[in-house]
Each structure stands twice: as C-alpha cells, then as structure tokens.
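Structures incoming, each one as structure tokens.
Two complexes come next, and they have one chain in common, subunit A, joined by subunit B in the first and subunit C in the second.
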Partner chain A sequence: MYDKEKIIPGIIVFLVLVTFPVWYNLAFGSGNGAPEPQIVSQNEKCVESKDYMRTQHMDLLNQWRDAVVRQGYRMYRTADGALVEMSLTNTCLQCHPNKTQFCDECHNYMAVKPYCWDCHIAPMEN
Partner chain B sequence: MSAISSKRNIIIVSIAAIAVILLGIFTPLLRLIFGLLIPLTAILVFIGGIIYRVVQWAKSPEPFRITTTCGQQHSLPWIKSNRLDNPHSTWAVIGRMALEVLFFRSLFRNTKAELKSGPNLVYGSTKYLWLGALAFHWCFLVIVLRHLRFFTDPTPSFVLWLESLDGFFQIGVPILYMTDIVILAALGFLLFRRLMDAKLRYISLPADYAPLLLILAIVATGVLMRYTSAKPDIVGVKELMMGMASFHPALPSGIGWMFYLHLLLVSMLIAYFPFSKLMHMAGVFLSPTRNLANTNRVIRHINPWDYPVKVHTYQEWEHEFRDKLKSSGYELDDKS
Partner chain C sequence: MAVDRRKFFTIAGLSTLVGLMGKEVLTVAAQSESKYLAAEKVLTAHRWAMTVDLTKCKQGDGCEKECIQACHDTHNVPAIENLKHEVKWIWTEPYEKAFPSQENEFNKEELIHKEVLVFCNHCDNPPCVRVCPTQATWKQEDGIVMMDWHRCIGCRYCIAACPYGSRSFNWVEPAARSEDGQILPDQPFLKKVNSAFPTRTRGVVEKCTFCDARLAKGLQPACVEACKQGALAFGDLDDPNSEIRALLKDRFSIRRKPGLGTQPQIYYLV
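Right after this comes the complex of A and B.
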C-alpha cells in the first residue's frame, strides 16, 4: 500500500464519523431508554384513537389552531360522534395536566420543540 | 453464476423484499429481518466495502504527478501564478481540494457543445449541473445529519441548530424543511437532465439511473412519512435505531410499513454504495489530478516502485560486443 501515512488516518476519520452514534451515546448518552408518558386521566378515551393520537396529534392540534384562530369554529366532532371544544387548555390539558410527564416525555426523547408554549401558558405542576 | 443472472437475482430479491413490506405482513420474524438484520448487514457491507475499495486504490502506485493545471504554473517570482488552479504547495493543494470537495469546482467548469443556428460549434458554460449537484449534495448532508436525532439521546445541539435553521420559515406542522423541497427539485432536475439530452441519455447506464432513482425513492418515502398521514410511530423508530446504535437491539411493534420501506431502501443504498459510482465520496479525496501539488519541475520525483533502475549504458554495451563491432568495421568510441 502506498501513502499509508495519509490513507490510514483517512480511514480512521471515516470510521470515527460513521460510528458517531455509537461512541456519542457511550460518552454522552442519557441512558434513559424509551419514554413512558404518564396518563393521569380517568377518561377511557381521547378525542381520537390512541394510534391516531400517537402519530398525528400535531396535525390535529394544527387543524384546531387554524379552525379556532382563523375561522372562529370552536367545536370538533370526534370519530364516535361526540362534540368537544377545540381548546388546548380546556380539552387537552383537562386530561393531561402533567406536561412534563406526558408531553415532554416523548418530545424530549425525540428532540422535538413544539411551539405550543410560545402562546399558551404551560400548566402549573407541583 | 454469470454477472447478468446475479444482477437479475438481486433485482428479484429487492422487489420481493419491497413486496413483503407493501403487503404489510408483520410477523415478529419479518420485523427482525427488516428492522435489524438487513440494516445491520448493509452497514457492515458499507463500512467494510469502502475500506476495501480505498485500500485497493492505495495499492496502485502513483509514479508520476498527473496534476491537471488550469492556471499559470508557479515559476519565476515576477510571473503571477494561479495558486488554487495550479497549486505548488501543500496548503494550496488543501485549498484546491476544499473547493473541489465542498463546492465542486470541476463541475463549475462544465461546458456544453452546441450547434447554434449555423455551422459553428459553440462551447458555452453550463452551470446547471454544478448547481443541481451542489444543491443535492448539501441537502443530502443536512438531511443525514438531521437524522442523527433518531440515533442519539440526548440529540447533540448542532443537530437541533441545523433543524431549526432548516425549518426556519415554520410552515405547517410538522414544520416543512427547506432541504426536503430542494433535494426533490435537485434530484428531479438531475434525472430530467439525463433523460432530456439525447447525447447524455446515450452514455447513461443503469448504474447512473440506479442511485438517482433509489435516492429519489428514499426521499419520497421520507417526505411522505413526515408530511402526510403515513406518519410512523417515531418514538418506536427511535427505539429501534437507538437499540442498534447501543448494541441493545429492540424491536418495537406498530411502527408502520412506510418506515420499513424507507429503511429497506436506505439499506439497499448503503449496501450498494461500495460497488457503485457512489464511491466518489471516498474517491474525490484520492483523485490524483486534484490532490497532488504541481511540483513536477520544482522537485525531482523518483519513480517509487522500481528505483534504482538497472541501466545498461552505451559504454557497457560497446564493451560487451566490442569484438563483434570491431570486426564489422563499426567505429568504436573507446579506441583503446
């Protein structure tokens, strides 16, 4: 092999870069594992199914925001026909007042920073 | 096995794998295969293959500096030399390499020959290839770095910073990333470019279309997952990826088929990487026309692999055949 003094450091740099997640997690990882959002509500059901809420809640909240703030519609008909108020504070946070243990649990894990709290006041928690 | 039938087998296996995902058959065994075994194998092939190719390249000797020179060579102090196009020092070479790797300076010089209304062949500069390639590669880099949020916990701050910059305009929820739009446009243009020009189409091989179409499919599945209702359970996705990165494999259920399709396509791309033109990622650093200083005249370069050369001088030759040359009447240099 020619130019060993350049090829070998080059390969080492490549290896360090592609294994970034491995050594980064070993050195700086939180080691917390998967998030476990806590549900404190007695209610059996959310406004939509669990699977839908798990993946699409941001979409729903965005639609609610647009409907209330831009069109002035306040009520939302759920999949099973019930009417609920489209309100973060009066609907969502009624069942999920524990922002840190519910919202933040997954959001922090996924490094997502939703801008809900730019306008809304985060619920008081003890 | 012949090359053609092995290629056909690869295509059949790939289509079968995609079909399995599209059918949505998710037994735990298939989750293990598509979620862990295929991606891990692909990563090993990717890393091992790239090192193998680079070592193979490094085994070829580089006897002479074939630097391409696009500017005035460094010579006398009062003749201004073009340092970046015709470097003669290590730092100037680093400058030229940086311009090549980061800004694709070679593509900037791309020209196009055209017969424009008349018998004259006109060479014009075409910057579209350069612009498309630059847009594509930079977006690809940003997208790969953004994906680190699925592989690291806590996510490093440079990834968050990159994300917020990429979603600067805060359009929609989830926030639209500019790179997603630009990479689709750039890939579309690069494909369009190959298909539109008859000359280019003629020299395009399946190996030229494969990476383009594969990356286009990867971007398409990624975009569909982020912006449409085909959203996967990303917490599950991160569990799977963190499991792989920390060697504690996890197989969460209910992630969603689109994600497995995305992961399979990415696995295909990185496993295909070392055997394809995509090796230009490593090759750009080893291109002798770019990474060598033009010092052919300044420094004496000695052939590295068979020096000292065994020479047979004229004097020795004459001495060897002295009697024969003399008897044939040949005039000898050495009269003694």
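Right after this comes the complex of A and C.
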C-alpha cells in the first residue's frame, strides 16, 4: 500500500468523527437508559395485566373513549371480573395520581405528545 | 383438473354457507365476551325533553344565575366577558328574541320583555347534525343531540346551521394549563374547576348535552336540580305517565321557531 502512514490514520480520524454523535451521546447524553416510570397505585390490580397495559394502554383508552362517548357504555369489565367506570380522570388517574412521573416519564422519552391533557384534568401534583 | 358446472356450483354453494355461518359465529362470540356495559343507575328514555314554566321561571330577581351557574360549574364552561368569544350552555333572551314568530304587538303583560331561559333544543330533526362533516355531533337514540369533542375539527358549520344560537366556539383557550398539562390554580375564565369533567380546548364547538354524564349516574340535569322555583321539568316524552307529559297535557306550550321544522324538544309553558 502506498502512503500507508497517511491513509490508516486518516481512516481512523474519519471513523472517530463519523461515530462521534453515537459515543458522545452514550457517554454524556441525557437520553441514555430506559425511562423509569414511578408506578403508584391505590388498588392492587389494574384493569388489565401489566404487560397489556404497558403496550396497549393507548388502544384501551381509545376504545373506552368511543364506548363512552359514542355508544353510551360507562362501565368496563376488568380481566378479573370487577366493574370499573371508563374514565381517564375518574378511574385511571384516581389510581395513579402521579401523572408527571407515570405518564410523562415514558411519553417524554418516546417524544409522543398525547392530547389527553388539553381537556382532561390531571390530579394536582406538588 | 377440470371443474364442471355441477362441481363449480357445489363448491360455490358450500363456501357461501361456510362464509355466512362463520360471520354468525364471530358475532355471537363478540357479544358473549362484551366488556362494555351501561352504568347501573342510568336514567334512560326514548325521547328526553324539558319544559320551562314561564310563569314560575322569574328571572327578574336574578335567580337565573343559579341554574346557569350550576350548569357552567358542572361542565367547566368558561365565563368570558368579551362577547365575541363568549361560551354559553344556558343563557337568557328577551321574549321577542326567543320567540320571533310569536311577537304579538299586544301580549300578556308578563311576557313582554321577559327574559326567557334558553338552551340547546335537542331537536328531533337537528340541522347541526346534518351539516357536521366529521360526525362529531349526532342524535342519540334517547333524543339527546350529543357532541364528541375529540372529533370536532372546529369548522363551525353547526354554528351556522343552528337557528337558536345554541352552539359556542372556543376562540380562546378556555382553561389555563402549565406546559406539562397541569391545570393552573389561577384560571382567567373558570371560577371553579370541576376536575371530574373535562374542559374544552381552543378550536372546539360546545353546547348543552342535557347532562348526559349526569343521567348515566342517575341524576337529573344540573339546571333542573338547581332551580328552586320548580320551573324546569325533565323527562321522557315517550312515557305517557311521565311528569313532563302531564304538564304538556295540562298547560299550553310554545316552542322556539317551530316553523323551521326542527322539532325542538324544549317546551315553554305559558
């Protein structure tokens, strides 16, 4: 190889510069590590299993919305047979009153902005 | 393999049969595991309607503030002073404005200039529903003209269509919120915040819902409950034994702009 002593350091410098954003972010970035939502709940069990809620809560809330507003149903039979009112503020947020640490923790990490709180009222937090 | 005529019809017939049965099976399965149920105490009707007794409803001494305030507090209706941005679910109009076709030159003394309580008429033939391009407003089976605020795109066709001015548009943000969506303690337009009921957001149309959410809890509408004069009655027009049917049988009633054919369901007893 001609000019070995120039090409190899050149390639190394190029690779370092190109991958700079990746390793800089790994070392000093704010987005590293998974979000850690604080699960505070007043009841022992959620309306569905934890895994289901983790991945499908947005679908469940949309189905609740349509069932209540458009079909006039108000109650939901949970996985273990209990009846709960289908309400974001009066059911979900009564049980999990810490919206900022519970909802926002993951939503901010994923950069999703659900518009629930444009109208629905979250419990007061200090 | 050649398929002859006989074989083709056999296969076609059998697959149709299986297809139809498959659909039935699926429907039955879906019904048996329904997770959605109506509330227990829910008040139901085939046609909700309201009567306003104009002889008892005496707005002169300012008692209309009680029923209006009860409604607006329950539903987080903002009190905006700028008339261009005003939002209202119940309000008053002078008799001759509320009933322009019954504006006789000589009339019962009490009726002239009387402030009449007006709301959404929950028409049997609602023009607002016909024009809504997103089906954000529709007539429920119980007669209530409902709104889905999630779906409203703020085009305001319904406002143009409603002959009673019953719909208000949120020109400004009705409730003050912090950046992360928390409702602030100091509200410019809400005296009291009912956290059990949502507010609306800028760009959405709103109106009276006949207290649909309260009916689901077995409660009468907030204005009916708040009226101490007993001027408001709420009930099922399809039930011949209801209080409201007895009132309408006994008293002469008028409705707002009946000539338009919207069939309003608020009856004013005179």
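Assorted remarks:
The rule is simple: the second predicted complex is superposed on the first by the 97 of 126 C-alpha atoms of A that agree within 3 Å, B and C clash if a C-alpha of one lies under 4 Å from a C-alpha of the other, contacts with A are read in each partner's own complex, and residues count from 1 in each chain.
As a working rule, a contact is a pair of C-beta atoms (placed from the backbone, for glycine too) under 8 Å apart; a residue touches a chain by one contact, two chains touch by 3 or more.
What you see is a predicted model; the values in this text were computed from it and never measured.
Of the two partner chains placed by the overlay, only subunit C lies in contact with A:H120; subunit B stays clear of it. Contacts of A:V18 after superposition on the shared chain: subunit B is touched, whereas subunit C is not. When both complexes are overlaid on chain A, the residue A:D80 reaches neither subunit B nor subunit C. By the document's definition of touching, of the two partners only subunit C reaches A:R70; subunit B does not.
Touch criterion met: A:M1 reaches subunit B, while subunit C stays clear of it.
With the contact threshold set out at the top, residues 115 of subunit A are in contact with subunit B in one structure and with subunit C in the other. Interface residues of subunit C, counted against subunit A in their complex, comprise 35-40, 42, 140, 146, 148-150, 177, 180-183, 193, 195-196, 198-201, 216. Residues of subunit B that touch subunit A in their complex: 46-47, 50-51, 54-55, 58-62, 148-149, 151-156, 159-160, 163-164, 170, 172-174, 229, 231-235, 238-239, 241-242, 245-247, 250, 252, 254, 256, 282, 285, 304.
The residues of subunit A lying in touch with subunit B in their complex are 1-4, 7, 10-11, 14-15, 18, 20-22, 24-26, 28-30, 32, 34-35, 51, 54-56, 58-59, 61-62, 106, 108-111, 113, 115. Subunit A makes touch with subunit C in their complex at residues 65, 67, 69-77, 83, 85-86, 89-90, 99-100, 104, 115-125.
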